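One structure, pasted below without further comment.
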Amino acid sequence: MSTLHTVNKSPFGNTALSSCLGHCLTGDAVLLIEDAVYGALDGSAMASEVKARMGEVALYVLEGDLKARGIDAGKLISGAQPVGYDGFVDLVTEHDRTQSWL
Amino acid sequence: MSDTKKFLYVNRKPPYGTIYALESLEVVLIGAAFEQDVSLAFLDDGVFQLTRGQNTDAIGVKNFSPTFRALGDYEVTKLYVERESLEARGLSEGDLQEITYEDEDDDWEEKPSIRVVSRAEMAKIMADQDVVLSF
Amino acid sequence: MKIGVVVSEGPYTHQAADTAYQFVKAALDKGHEVPRVFFYHDGVNVSTRLSVPPQDERHIQKQWTALAQDHGIDLVVCIAAAQRRGLLDENEARRQGKDAHNIAEGFRISGLGQLIEMGIQTDRLVTFGD
Amino acid sequence: MKIGVVVSEGPYTHQAADTAYQFVKAALDKGHEVPRVFFYHDGVNVSTRLSVPPQDERHIQKQWTALAQDHGIDLVVCIAAAQRRGLLDENEARRQGKDAHNIAEGFRISGLGQLIEMGIQTDRLVTFGD
Amino acid sequence: MSTLHTVNKSPFGNTALSSCLGHCLTGDAVLLIEDAVYGALDGSAMASEVKARMGEVALYVLEGDLKARGIDAGKLISGAQPVGYDGFVDLVTEHDRTQSWL
Amino acid sequence: MSDTKKFLYVNRKPPYGTIYALESLEVVLIGAAFEQDVSLAFLDDGVFQLTRGQNTDAIGVKNFSPTFRALGDYEVTKLYVERESLEARGLSEGDLQEITYEDEDDDWEEKPSIRVVSRAEMAKIMADQDVVLSF
């Protein structure tokens, strides 16, 4: 039993990602979409908070949103996995529920 | 397996600045007719929805906070409030409305609907649901 | 699997309706069922047929209408949210004494019960909002 | 003083249109001039005459229309923002080949130049948004 | 020459108030409206950041929004001044420009 | 006093997730015809609007980032970007598009429109305006 958490807002402007990271459990997955993809940038003020959960929680980033924003995959936190919309669908079906951190 | 699912309504936004809190409550009221296993979670700024003494006269927006007290009549009796969220906002349980329900399994005794839980407990409650609706 | 989808923000202003559209397309491509998409909060604004975006931008309402027609998706617009925001079908316009209506083909106005029902009858529920 | 006002969010969803309304009323009560209110982004949704809020809630469009009529305020709805979001007056509906229009009395559709002009011609400019 | 800054979002969910406090200058005024009135709560995780600027910057809170949210004036940071919509208008005219931190 | 006012467009939100960045740019383009003294400020998440290499094909939303490079033709030549905002996001000036204008007062020499400034400088720029429009 595990949960897919989706976050869609920049963690530099909004605390949704922080709250999500504070509530997700070992074995859960976090998918960053829309403006939340900035949360996967390495070297940012948010990076250490994200990395701190990466052992227990899998981190995915929606590829289309990364490219839209000009973020090269090489700039991501190590272990953050880009996925397409098809990968998004797989994550939804592979986990028992989806929780959107709006 | 029964037809009953566990529904969690997650409230993370404060009231009045946006409509999400009010429209979340409208879903809860309609949803009560479906006899599912319903819980409400209040965390982050969502805890502000439950403060006592709300008076919206000056801003011209409808005060919907009394509706929370009617939830017991709809058999919505589990309102989980996160302690860490209260503390970060300088609030304690005493700043919240009293919301109660009459327990039909216990001679209709009046019991509190609000259950203050830790962040770790809230995370487990979230992980124990079939359907999570976020507002 | 049966996947239910909620769209909570209006078109163009937030990306939610776009992301939901791409997600639903991908889910259908993978052979999943998306029986219903429920439009709530400002999401009801997606259903207006009066939108005229610039020629070089996508037409969000038409995208949804076409997808629904091709795949038999039930696009439900919450009546309470729609009334507040000025989205009416012909029946509602008559009932409310309004001289115009604006809901596009493929969308239907109904109650919040349809959202709960979707939660009960699908295997997964995904919300796109702000 | 002359005070210009911008409303950037839609009615009911955000408090912006309500706060702006209370602010404009207070400014007029104090003897200031509010020559124009400019509705941009989702703010254009305030201008729909098809809104039917619950009986026990305020009717935001009617509040603005009445205030504008009582005090001669120019309520301008940005045409580009309105087209995207499906807000049309009779002329625009004809021009775009649409079968309905939905702008309420007291509002007029015009270009972004009216926003800049308001910034130039007023002493203060206040924005209400999200 | 001074600026009235308005903020309308809760500082616990959004960084607008922080950014405003980081950019306003001595002699400016900050007016908290709508969901930002929570930023004037004493004893909160935000209070010290707000208090740190109170010597140089005047802090106002829109009274109608406080009452709507059930916040008693006694719970505010010392020196935070409740004002009505008429006071909001005065603040706009008394300062040379208004900047909204949306 | 002349009829020219100092207009500042403040951009604090990232592109694509919401429409504010695009609709802000639309105001700037229209506003250019009014021959005011125009500046643009990019701070907080607004700095993300200027990143190079944006490609929106997969998300189906219009890529408006090339428009920034056309601003010089509209005589919009002052784009202030806050250094602290870049640094907090792990970005440097090299991650931003090159945006230039031809200086008519200097034999049409091509000059950079982006000026990276400190937070303290940004605060002073903001305080030096007649009209501040926020997006």
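In order of appearance the chains are A, B, C, D, E and F, and numbering begins at 1 in each one.
The working rule: a contact is a pair of C-beta atoms (placed from the backbone, for glycine too) under 8 Å apart; a residue touches a chain by one contact, two chains touch by 3 or more.
Computed from a prediction, not measured in an experiment: that's the story for all the values here.
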Other chains in touch with both chain A and chain E: B, F
Chain separated most widely from chain C, comparing mean CA positions: E
Inter-centroid spacing, chain D versus chain A (mean Cα positions, whole Å): 38
Geometric centre distance via CA averages, chain C-chain A, whole Å: 26
Chain centre separation in whole Å, for chain F relative to chain E (CA means): 27
Residues of chain E whose C-beta touches two or more other chains: 8-9, 12-13, 15-16, 34-35, 64, 84-85, 97-98, 100, 102
Multi-partner residues of chain B (each touching 2 or more other chains): 12-13, 16-20, 44, 58-59, 61, 131-132, 134
Touching two or more other chains - residue numbers and ranges from chain C: 12-13, 15, 19, 22, 41, 57, 80, 125, 127, 129-130
Chain contact topology (line, ring, star, complete or other): other
Pairs of chains satisfying the touch condition: A-B, A-C, A-E, A-F, B-C, B-D, B-E, C-D, C-F, D-E, D-F, E-F
Footprint of chain A on chain F - complex, ascending: 12-18, 44-45, 48, 51-59, 61, 63, 65, 88-91, 95
Residues of chain A defined as touching chain C within the complex: 6, 8-9, 33-35, 62, 64, 84-86, 88-90, 92-93, 97-98, 100, 102
Partner chain C, residues of chain F touching it in the complex: 16-19, 58-62
Touch list for chain A against partner chain B, complex: 1-3, 15-16, 19, 22-25, 28, 97-102
Contacting residues of chain B [partner chain A, same complex]: 10, 12-13, 20, 43-44, 119, 122-124, 126-127, 129-132, 134-135
